[in-house]
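Okay, so chain A shows up in both of these, paired with chain B first and chain C after.
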Partner chain A sequence: MASTYNIAMVSDFFFPQPGGVESHIYQLSTKLRDRGHKVIIITHAYKGRTGVRYLTNGLKVYHVPFFVLYRSASFPTVFSFFPIFRNIILRERIDIVHGHASLSSLCHEAILHARTMGLRTVYTDHSLFGFADAASIFANKILKFSLSDVDHVICVSHTCKENTVLRASLDPLMVSVIPNAVVAENFKPLDYSKPLPASFRPHHPPPARPLGPHDMITIVVISRLFYNKGTDLLTAAIPRILENHPNTRFIIAGDGPKAIDLEQMIEQNVLQDRVEMLGPIRHEEVRDVMVRGHVYLHPSLTEAFGTVIVEAASCGLYVVCTQVGGIPEVLPSHMTVFAKPEEDDLVAATGRAIAALRANKVRTELFHEQVKSMYSWTNVAMRTERVYNGICGAISEAEFYGYDAANGAGSWSATRGRSGVQSFALIDRLKRYYGCGIWAGKLFCLCVIVDYLIFLFLELCFPRDQIDICPDWPRKERKLDGKEPG
Partner chain B sequence: MAPPSGLHQSAIPSDFETPFPPLVRSSTVPAGLTSHRADPSHLAPEDAYGSFSPPRRSAPYDSLAHASATDTHPLRRGRKDPSRSRSRRRKRFQKLLWVKQSYPDNYTDQATFLENLQRNPRVRPYDFWPLVADSTVIVQHVCSVIIFIVCFVGIFQERVSPVSVVGWGSFATFLGWLLWDWWVTQETQGQPGDDDARGRMMRGGRAYRDYQAPRRQDSSGLDPSMLNASTVSISSISNLPSAASSTSNLHQEPQRSTNPPGVTTADGSGLLVPTHAHSRSASSINSITSHASAAAANSSSNTATTAARVISGSDGPGASTQSSSSPPPTARNSRTYVRLSTIKSAILIYFTLLGLSPILKSLTRSTSSDSIWAMSFWLLAINIFFFDYSGSSWAGTGTGTGNASAGGATTATGTTTTGTTTTTTTTNTTTATATTRGVSGINSSSYSSSNKRMPVSALSTNAALMASTVLASRLPSTGQVFSLTLFSIEVFGLFPVFRQYARHRRSWRYHAALTVLLVLGAGAGVGMILGDEHGWPWKKAVLGMVVGCLMAALAMGGCSWWLIGLQKYKNEIYGPWDPARPIIISRRHWDDE
Partner chain C sequence: MLTTAPRLYIRRPSPTTAEFTVTTCPPLTLPLRLLLLTLHLLRLVVAAAAVLTLYSRFLSIPPTTTTTTTTTTTTTTTTTKQLLLPPLLAGDVPTLLTTLLQAAHLSQPGVFLTALAAPVADWAVALLSLGALYAAVCFQLHKTESVLVLRGLGIQTCSSASSSAAAAAAAAAGTLGWWWAGKVGGGGAGGGTGSKSGWGTQTRFIPTEKIRDVLINEAFRGFEVRYYLIVVVEGEEELVVLFPGLLPRRKIVEAVWRGFRGCLVEGEGGEKG
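For the complex of A and B:
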């Protein structure tokens, strides 16, 4: 029986800012709390939110005041976070530091400091990066620095895992794939037995079911309208789809720099009555928009996981999506039609989807239950817990990494200690950082040494026994959901 | 469109809670570094941190790389059929997230891990001699800069008469212009509406053709503001900055009337304005626009302008076929007209420079010479580093009559820049605006097919002209200042145009001959300058030529060889995580509408 842990989730991205990473952290934290762990969240201060907050379920959030650089990523000062971080960690008696999102400098700094303090670290990667441009090279170097000494990495899809392994030069065995999930209750299909919600104005009849040959088919697109979300493809494809298929219409929700292109397309093709642009919507409204349609079109050019297509499928929409990134792994083929990221293929795929729907070949009403059984945050929390058990030695190395990993450890990870976990010894850590590159390795070693000196200084000036231990929120009973993994 | 069978339900048993089956290392961990490398083009995980050199371009790898390069979307296919492995007791590992795997989360499947990774799929191997041939462009430019410096030193040390320098320079420019004019005439007459040439023009920007049609019909009846708005909106679609379209709008009217009365006045005022010290920076933009319009009007009869060179390029011969309104006699008349206007603008520039020279002479009197040397060194370095060696802006130069006037327009731009840089050095406060205006002036007036790189090459030209201005201000007499400035315009403004035209439109022989001539000239010049003043100059010149040729050969060959040698470190990684490149073909459908 594994013990429970005190976990600190660290990321620059958290509520009140909306987004996928934010809700991932929140959902994972609440589910981990349900399983008896103690979870706190450390993020930077948002406007109007500084200090400590409690969320539902006793989830404690530390908003650390930090200068925000760009798109709510904090300014990377390698060491300035350490004193307050150490204080929080000691107050909350944290065992495991779990960082999120590769663009969050707070997360990387926290991982570095946590290793200096002798804590276990986990990192979750939510995004894909290329290798070609200068910005990616820089970001990858930073990631390599941060992940040189991490205990385990979680990726949201297999493609993401491949990418992260290459970017940070990791041992693939220390990278787990744990997908995102959806709260299926929030994405229920339209209940025809109940009165319709207010979002259905008189000229928007609810989607007909079963679909007759001349019923209107509504295609929903919900995405930020950016280049990498494939808005160009969408702009090119919409007139052709509408031309090929009478009795179809589009609902587009979302905002971004490419919205102007879409509007121009609508005006030039005089499609005002067939394309409805809703503008930016909040995440709570996504479901209400989705249930107005039959098909969800997702023309993205890169995507690590694509939570929105899972949400769409959960709402009972037939999904047409481009075959990029981690998307092909996400949904079974009977829920999706895949297209190449080409205009022709997207038009053809949408045509296939419409034809299948008109023929009533797709049982979209079953989608919700299926998605519900595929993705749940409880499952995600359980799998994350296994990672925690693995890095803390609660399950043996042989079980966590494979049977003869201990014997063959010399060839794989020379620095993994005898207990099957990464050693904390400074010299071992320096060895790991030194391999990052000719110049970068030395620089990273310097950073680690400075970090260690700061740690010693802090121990001297602010001794541990003078830091108050904060009382815990009453923990939940550990749920006994079947056998424990390990 | 898989039928909604029950397979997904059986594929989602709640077997997560059951303990994982024992892992066998051989199934999860690669046993060694070499044993599993079945496919050399597959990157194994340990390659990421091992020191390695990517596979050399062996024949099988090459074919594989090409095969994968043709397959532009290396996405996984046919692997998400869960029914295939369902019957087995222990399920095959699948790269799927919705399946409850019977493997732990950190399981790494050797068969499928990184299977879509591509290394160096788009690498084209360099060949030695083409690389050397391409490097001649750089050698040419460096040599012309050296020749300019040599001429300056010669004038400065009073070893060369400035009149002879500018005389020979102007003579060469005139010869070059005649040659070019001859080429252009030959091309226009030989191949009116030549498909090849037009294809070349259109290369890199077929959006131009796409939006031309609407503009032409727009411009027939609408008032300019609406015209402008519509063009801008269209150009924003085709990623064209509005500067080009708005400038090109200026030409629509003179296009119809073959007599441009405002040319000389516009040109003259634009050139003379910079002599007024105070309103320089403000008016330089006026002069720029007036140059643009002047250049536009210059070639109005056949719509060939530098400002919209691509448009003119496609219109020049193209318009005659499209609108069928310009038969050959008109073309010939227009050629004569263009020649005349070029000569006219050349004369104007000549006199403007003559008027400017006294000001330039005393421009930096209060600055020490050391600063000037350092400054001009850096400016020339900027010129060399930011020069547009690709020549793409000229590759699309039309076969039409625009070319002759291109020289004129560039000259005009050069003069404008001189004025602008004058402002830069005198008034500190307006420096930023003046330079930006200078850049934007060149940008808008010599706007052509490379929309994005143009600012960089404009920076290069600006830097060179500023360097020549500050250098000229060191010279003691007005005649010397005038000579050096005029020479710099010839070297930095006109000569690159000619060189690139010769390279792109003419045969390789001209290019090679020009390169050899330049190298010899630069070598001889350096030899003479470095040599003793009283010695026998020709001996030094010959020595300099030999050394120059040797150095050029060494540099070209050595750098090419080095670059080829560096190719083995090339390790581009492509995979499904890269943003896909969307293929959009129907954009013009709705652009034209």
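For the complex of A and C:
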């Protein structure tokens, strides 16, 4: 149990590019390092960001070059990444390869190669996908290929788990749900003061901030303005909400192709003084925008987790959101008003939220402490570590998968070996891939065999003892499994 | 057998000086010396044969009959000795060389070579012999790169292609180059910070005031990630890579870095973690 691992996080998405997956990888890696593991990150080269870099806390990032022709020709690069990947894995002595994000081809390749090299693999899915259109079918096939032989999958919400299990035909037992988290310190309400010691707290809750009947209520929307984020819904709802409720105004931050629609709507209805468009903002500025408002409106049509509503609640905003994807799992009901993803219901739900705020029924000033206790990256890292323990056989199958599953373990997967650990034997791997489809199965088997041959060739041409071992960054003391808050 | 993986030799002539040499040359044992000598002789023979073939084709004197040639050979050998001596004494190198070549051309191996090359087309002969000549002269068996650290003065990097066991062909070519330089009149060599001296040896001096730092870095190179030593030089965009041709492995790089810091930076002990 006390063992520590060398973990490689692989994803196409990492800093300097901003985004949810990027910050997830960074936060998770940092917290895993705090728990005494060694973590490196492998991503592709960004403009002006090539080679090997250390982030300030000693997190090592490999920005692998030569991915120039990568979107245009996806298939040939399936194997071209292998030599450099093998080199990195060997010099860093990696035990576990952890891929992120389903649209990252680097992640899928890494999982394939890692299995060929005999490493444990984990995959984290951050997004929901459809099943209908051609692009989704292709993406799902790729996902199925890469997940045929993965040791464990982590999803950010139960909805996401359901989606992934269906898309990749996985055994639901090998999919865990570990939600995202937020750094609550970065999302404090405006007049936040450090809470008093626990003994005083019940007697002195933070003072309520009553709203007068004619005080201005500000509704904040922060999202990329795309179709799937529900910008059309927003465009339709804003004039009606403003008409029904005097003394309200909107602040909209973010950019995207739908921004022009919003601007047209503002001009048509002459709402320039009540709707403020901020344009694109940086992630650090999100909190400053959020604390200007009272209600956060999230009209998204599909969402795997919705970190932004957690951030909004942490800033002390009352959240109005559509009941889609993983959103209903994210926040407790007293912080949110749900709406169906349609115009009428969104307007009605916003009305209910405004009414509740005006009646001072919602104690938004308490939200921050509650969110802080619910979501912490330390907790996410602990749960991820448990997954690592499970796939490496450090904790027993019964403990990891549950006792019911363990009793019937012999029957529920023919290719699964000792204690729920996937066998590395090539024939067992081929069996798993062959089941992917009539043609796809054979094609995938071919890929795996070629990959294996390349592996043997590399072992001959670049022998292991010719590769220098990296010295480790001084590891932190492994913390004992005390009860972490949350 | 003739080369090894890069090895490190450290020489410390004085407490404030250290020379770090990385070479692919294995320790010189007697069998190895003999082998190297044979190899150099072989190179010499190949180079001479190539020059001779070119010369005979240039003259394009097809050997008429074997009998007449042998007779002429015997007559010429006597005269060659008389012909060779005066230019050697006078130091007239071109005359000496032409006489030598003429003599070789008329000798037994020369005739054999001419006969061998006879059925081959002109351009092919030119190409083959030039190729052989180039390979024989410029063939580098060992690579040696060194860094000399002088406390208070700076560092001098030096990368040489040939081995320490002076290659005969290389030496000859070096002399030729020196003679040519003398004839032209540009006697001075080695001005400024960087210069090319000797045969394929490149040196560069970096004064201490210009050195910002010496670091170990890692970077992608081909299909792998390598460690290398760099010197950050003030006022230069590019970093100076030490041992750029050999790129020794981490163990050597670390040893050099430690020694470097110990020698270059005053006040620090010999070892610095």
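In this section, the second predicted complex is superposed on the first by the 446 of 486 C-alpha atoms of A that agree within 3 Å, B and C clash if a C-alpha of one lies under 4 Å from a C-alpha of the other, contacts with A are read in each partner's own complex, and residues count from 1 in each chain.
Keep in mind that, in the parts below, a residue touches a chain if its C-beta (ideal position, glycine included) is under 8 Å from a C-beta of that chain, and two chains touch if they have at least 3 such contacts.
Treat the numbers as computed from the prediction; the structure is a model and nothing was measured.
By the touch criterion defined above, A:360 lies against neither chain B nor chain C after alignment on the C-alpha atoms of chain A. By the document's definition of touching, of the two partners only chain C reaches A:468; chain B does not.
Shared-chain residue A:3: touches no atom of chain B or chain C. Once the two complexes are overlaid on the shared chain, A:91 sits against chain C while remaining clear of chain B.
In the superposition on chain A, A:233 makes contact with chain B only, not with chain C. With both structures placed on the common chain, the touch criterion links A:64 to chain C but leaves chain B unconnected.
Looking at the shared chain after the overlay, A:334 reaches chain B, while chain C stays out of its contact range.
Of the two partner chains, chain C is the only one that A:52 touches; chain B does not reach it.
One of chain B and chain C touches more residues of chain A, and that partner is B. Taken together, the two structures place no residue of chain A in contact with chain B in one case and with chain C in the other. Of all the residues in chain A, the ones that touch chain B in their complex are 128-132, 152, 154, 157-160, 162-163, 165-166, 169-179, 228, 230, 232-233, 236, 239-240, 261, 264-265, 268-269, 301-302, 304-305, 322-326, 328-334, 337, 340-344, 352, 356, 361-363, 366, 370, 373-375, 379, 382-383, 386-387, 390, 399-405, 408, 411-412, 435, 481-483, 485-486.
Those residues of chain A that touch chain C in the complex are listed here as 50-52, 62, 64-65, 83-84, 87-88, 91, 462, 467-470.
Against chain A, the residues of chain B that register as touching in their complex are 1-5, 8-9, 11-12, 14, 16-20, 22-25, 28-29, 31-33, 43, 45, 48-49, 73, 75-77, 80-82, 95-98, 104-106, 108, 113-114, 117, 233, 237, 572-587, 589-590, 593.
By the touch rule above, chain C contacts chain A in their complex via residues 217-220, 223-227, 249-251.
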